[in-house]
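Look at the two complexes coming up: subunit A is in both, with subunit B in one and subunit C in the other.
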Partner chain A sequence: MTAFPRYRALLRQQLILQRVDIALLTILAALAAPAALITARAFDTSLGSAERLLATNAMLAAFSTLHLVASAIFLVVRAYSADAAVRHTYAASLPIERGRYALLRAATGLTLGLLPLAGFAIGVAVVTAGVALPPALYAYPVALVCRYALAFVVTFALAFALQYGAGRRASRIAVTMILVLTLTVVFAEIAEQPNILPSIGRVLVSPWSPLSVFAAEWKLFDV
Partner chain B sequence: MSESVIRLSGVTYRAGRDFAIQNLSLAVPRGAVYGFLGPNGSGKTTTIRLLLGMLRADAGRIDVLGHRVPEEIHRALGRIGYVPERGHLWPHLTIEQTLATHAAFFATWDATRAEELRRRFDLRLSQRISALSKGENGKLMMLLALATQPELLVLDEPTDGLDPVVRRDVLATLVEYVATTQASVLISSHLVHEQERICDWVGVMDRGALIAEVPMQEFRSGIKRLRVGNVPAVVDAAPFALLSREMGVGRAETWVVRGWQATHAEWISAQGGALRDVESLDLEESFVELLRSGRPTEGTR
Partner chain C sequence: MCDRRGILTMRLALALVVAPSVLTAQGEDPLGNVRRSTTRAYAEWREAREAWQADSLRRATLRVLGQFGGATVRSDSTSIAESVARDLGAELELLRDDLRLVLGPLADSMLARSSVSVLYDPPDARWYRYYAAGASARLDLDGSMSSRYFSERTLGARGRVRDWLDAAARDAVLKRHEATLRRWPGGAPSFRPWTDEERAIVYRGLRLSRSPVAQACHDGAFAACRVALAMLPADADTVSLWYDPALQRVQIAERGRDTIAQPMLAPLHRACVQRGDDQTCRDMFLGAGVRAPLSQLARAELLRLALVAGGPQAFGRLAALDSVGVAEALERISGVPADSLIATLHAQILQGRPTSSAPAPDDLLLAGAWIVLAMLAVSRRRIAP
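And then the complex of A and B:
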C-alpha cells in the first residue's frame, strides 16, 4: 500500500478536526499586514509616509512571529491530542510503523500550515499593491513570506519533536522551561544581577542555529 | 498443539506496583476460537495490548502470525482485525469518514463487505462517532475489524455493555465470518456463557497468570462436582485435581474436581469411598471453581 492514500486520509482527518482553527488562523494571517499598516498610521499621525511604512514593519514582525508560532504549536498539539484522547489505540492498531505514522502526521501538519501561510501572503500582497511607495523605499513581500514559511517550518519541527518525543510529558517540559526562564529573570532582577536571558537569546539565534530565522529583519518595506 | 497464530513465552510485564503479568505463556492454535476468560483486572486487556505491540514486555517473547512483537507487529497488523475494550475511533469523524480512513490503511479492505455489514448493523454513514450509542460503536468496530478480511481477530470484550439484541447480531456476524474463512479468533470476555457457545479453546487468566489453557470440550467435561460418602482419609494421590471440597452431613463431602474420567470412580472405591453422584458443571461454574481453587483464602477447603 502506497503512502499517498494514507497521507490523504490523515490529512482529511486533521482538516476535519481543525477546520475552524485553521480558518481562524488563516483569516488572522490575512489580516496581519493590513492591520499593521492601519495601526501604524493610527498611532502616530505626525510621521511622514515613508516613516509610517517603516513603522508597519515592527508591528507586522511581532504579529507574524506570534501567529506562526501559535499556528505551528496548534497544528502539532491538536493532532497529537486527538490520538491521545483515544489512548493512541486506533493509531497503534493500524498496520504502519510508528515512525512512519509520525512522519505522516508531520506531513499533514505542514500541509495544513500552508493555509495560514497563504492567508499571510494574500494580506502582504494586498498591502504591497495598495501602498504608494515613496522614492527610495521598496517592498519585499516575497522575502517576508518566505521568512514566515521558514520560521513556521522551524517552529513546527521543534514543537513536533518535543510533542512526539516526550508524549504526554511535552506540556510539562514546555511549562518547566518557561518557568525556569521566568524565574531566572525574576531572580536576576531581585538580586540586581545581570539578566542572562539576552545572552541565552543571542546563543539561540546565533547564525548556526535554525532559530536564527527569527533574528533577521522582518521587513516588508525597506530602502 | 498445531501451529500457533499467537504465541507468548515467559512474558512478564509490570504495570505499577500492584499488578504484573507473570511469566505468561499462551498459544492460540491456527483456526481456533480461543476464549480468553478472567475476572475484571485479571490481565486480559494488558495481555492483548502486549501482543498487539501497544505495550512492551519486560521479558519473554511474543510472536503473532509469525512476526516478532513489538518489532514486526506492523507487518502482522494488516492481517489482524482488532476490537478494543473501549471505543478507539476519532470522535470528530462520521462513519463514512471513518470507513474511508480505515480503508486507506488496509490493503485487504473489502468495501462491498463493509457496505453489507453497515446495512446489516443499521449504521448511517452521516452519523458522527461521538454521537454513536455504545451498541452502535460496538457494531462499527466489529464492522471495521471484519471488513479487512483478517486472518486473526483479536476481540477485547467485544460485547461488553451491549444489549442482548446487539450482542446477538455482533456474535452471529462473527461466527458467520469464522465459519466461512476459518479465521483464528482470540476473544476476551468475562461473559462466560457467551464464550461457551462459540469457543473451542479456553484460557483462564487470574491475577496476571494463566491458570488453565485447554480445549473447551476438555474444560467443560473435565470439571465435575462429586458427592462422595465415606470420604477417604488420604486424597493427595488422587488421579484428578481436587479444586475444592465442602463438608456435608456425616462423612459425606462435595468435591469439585478437574481432569475427571469415569474410570476414576474405581480409585474412590478402592480408597473405601462411595461415589454417590457425578454432576457436570457448566462453563461458568467451572470457571468460578477454577478461580476459587487458585485463591486458597477464598476457597471452601
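And then the complex of A and C:
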C-alpha cells in the first residue's frame, strides 16, 4: 500500500472523528473578520469611516491569531488523543514505521486545517465585498489570508512536534513553559526588573524565531 | 462645687448642641474644598520646587566625567550613574553630527553651553517601582531643561534616548528662533532623517486626508503640495484652501451623531447642515480641529532638507530672514528651487507607503525551515507513548 491510500484512509478517519470540531472551527474562522469589523465600529463611533476600517485591523489580528493558534493545537491534540485512547494500537497495527505514520498524521491535520482557512478566507472576502472603501484605502484580503495560512502551518508544525515528540508529557511541558513564563513575570515584578518580559517578547518574535510570523502587521485595510 | 458641675454640664450640653451645626456650617462652605485643594496644591508645588532646587545644588557639585559632543557630562561615582552618563555621552556625539548638518557652526556653540548631570536614584518612590534601579539624567541643552530616568536597560533602547535629545535640541532652537519658526513650519526643524515609522505616519495622513489638495499632492502636483504644506501668503485663508465650504459641511454632517447629542451644538449643526450657513460651518469645523493634509512633521522635514542643502551657513540665513514668503525663504536658505525640495520630500513620503501583510520570501524560507526541522524531529524518533 503506497502512501497516498494510507493518507486518504487516515484523513477519512480523522475527518469522521473531528467533524464537529472542524465545522465549529470553520464557522468561527468565517466569523472572525465580520466580528472584527462590528467590534471596531461598536468601540468608537466617533471615528471616521477610514479610521474605523483601520481600527478593524487590530481586532482582526487579535481574533485571527487566537483562532489559528486554537485550531492548530486542537487539530494536533485531538488526533493524538484518539490514538492514545486506544494505546496507539491502530498506529501499531499499520505496516509502516511510526515516524512515517506521524508524518501522515501531520499531512492529514494540515489538510483538515484547510477548512478553517477556507472559512477565514470566506469571512474576509465577505467583509471586503461588503464594505464601501473610502478613496485611498485598499483591501488586502489575499495577503492577509496568506499570512494566516503561514502562521497556521508554523503553529501546527510546532504543536505537532511537541505533541508527537513528547507524547503524554507534552501537556506537562506546555504547562511548565507557561508556568516558567508566569513565574518569570512575577519575579521580575518582585525584583523590580520589568524589562525582562519585553526582552522575552523580543526574543520570541525576533527575525530568526518561528514565531516571527506573528510579529508582522496583520491588516485587511490600509492606504 | 455643685454649681461648678452644673456649669460644666451646661457647657457640655451646649457643645453637643452646637457642634453638629458648626460641622454642618463648615461642610456647607461652598469654597471650602477649593480653598483646601488650593492650599494643598500650593504646598505640593513648594515641596517640589524645594526638591528641584536641592537636586540642582547636588548636581552642580558632581564631578565632570568628560566632554561628549562638546557638552559637559557630569555624574556621581556610582557605577550605574557613570555607565548611564557614558552612554548618554555617546548619544550626544551622534546628536552633534546631526546638529552640525542642520545648524552648521551654531551646533558647536549650542552644545558648548550644554551639560548633562546624572545621579544615581534608588527606586524608592512608587513611580520608580516600575523601573529598574538606575539614574536620573538632567539635560540642560542651551538653556532648555529636561529630565529623564534611565535604568541601564532603558539605554538599550537607544532610539528613545535619541528622541529625547532630539526633542530637547528642537526646544532649544525653537526658544532662540521662535519668531522665525513659529509661523512656518510651526516648530523647529528635525535634526535627523525620518524613521520608517514617521514616513508611514505622514503617508497615512496624506492619504486619509479628505482634502482634494492631498490627493493632488500624492499624485505629484507640487503646486498642491505647496498648499498642503501651508506654503501660502500670510493673509491666505489656509483652511478654505484645504477644505472648501461644501467639504466642511459634508464633514460636519458626518459628525452629526456626536454633535446633535450636545444641546449647545445642535442648533449650530442645524444652521450649518440644514440652512447652509457657511460661517457657522466654518466655526464648527475650526472648533473640531482641522487636520492639515501634510502635518507639521512634513513641514519640519522640508525645512531640514532646505537647511541640509544650504550647507553650514544655511541656518544663519534662516535666522536673518526678513518677512518673505515661505517658498522664497526656503529657496534663499537652500539655494535650490523650492519645487526641487518638495520633490525630494514627495519621494520620501511615497516611500512611506506601508507594505501589505503578505509574507515576504524571507518569511517563507524561515517558516519552511522551521517546519522541515519540526517534521524531521518527529519522523526521526520513535513516537512517545
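Note that in this section the second predicted complex is superposed on the first by the 222 of 223 C-alpha atoms of A that agree within 3 Å, B and C clash if a C-alpha of one lies under 4 Å from a C-alpha of the other, contacts with A are read in each partner's own complex, and residues count from 1 in each chain.
As a convention for this text, a residue touches a chain if its C-beta (ideal position, glycine included) is under 8 Å from a C-beta of that chain, and two chains touch if they have at least 3 such contacts.
Quick caveat: nothing in here was measured; it's all calculated off a predicted structure.
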Room on subunit A for both subunit B and subunit C (clash or fit): fit
Of subunit C and subunit B, partner touching more subunit A residues: C
Partner chain(s) touched by A:F74 [first = subunit B, second = subunit C, both, neither]: neither
Which superposed partner A:V86 touches (first subunit B, second subunit C, both, neither): first
Contacts of A:L94 with subunit B and subunit C, given as first, second, both or neither: first
Which of subunit B and subunit C A:D222 touches, first, second, both or neither: second
Vertex subunit A; arms to subunit B and subunit C (CA centroids, nearest 10 degrees): 150
Which of subunit B and subunit C A:F214 touches, first, second, both or neither: neither
First, second, both or neither for A:Q13, with subunit B first and subunit C second: first
Distance in angstrom between the closest Cα atoms of subunit C and subunit B, superposition on A: 10
On subunit A, the residue positions that both subunit B and subunit C contact, one per complex: 87-88, 98
Subunit B-facing residues of subunit A, complex: 1, 5-6, 8-10, 12-13, 16-17, 82, 85-90, 92-98
Subunit C to subunit A touching residues, read off their complex: 123, 129-133, 151, 153-154, 203-204, 207-208, 215, 218, 254-255, 257-258, 353-354, 356-359, 363-364, 366-367, 370-371, 374-375, 377-385
Contact set on subunit A toward subunit C in their complex: 45-46, 48, 50-51, 84, 87-88, 91, 98-103, 106, 135-137, 140, 142-144, 146-147, 150, 153-154, 157-158, 160-161, 164-169, 192-195, 207-208, 210, 212-213, 216-219, 222-223
Footprint of subunit A on subunit B - complex, ascending: 52-54, 74-78, 80, 82, 84, 86-93, 97, 100-101, 103-107
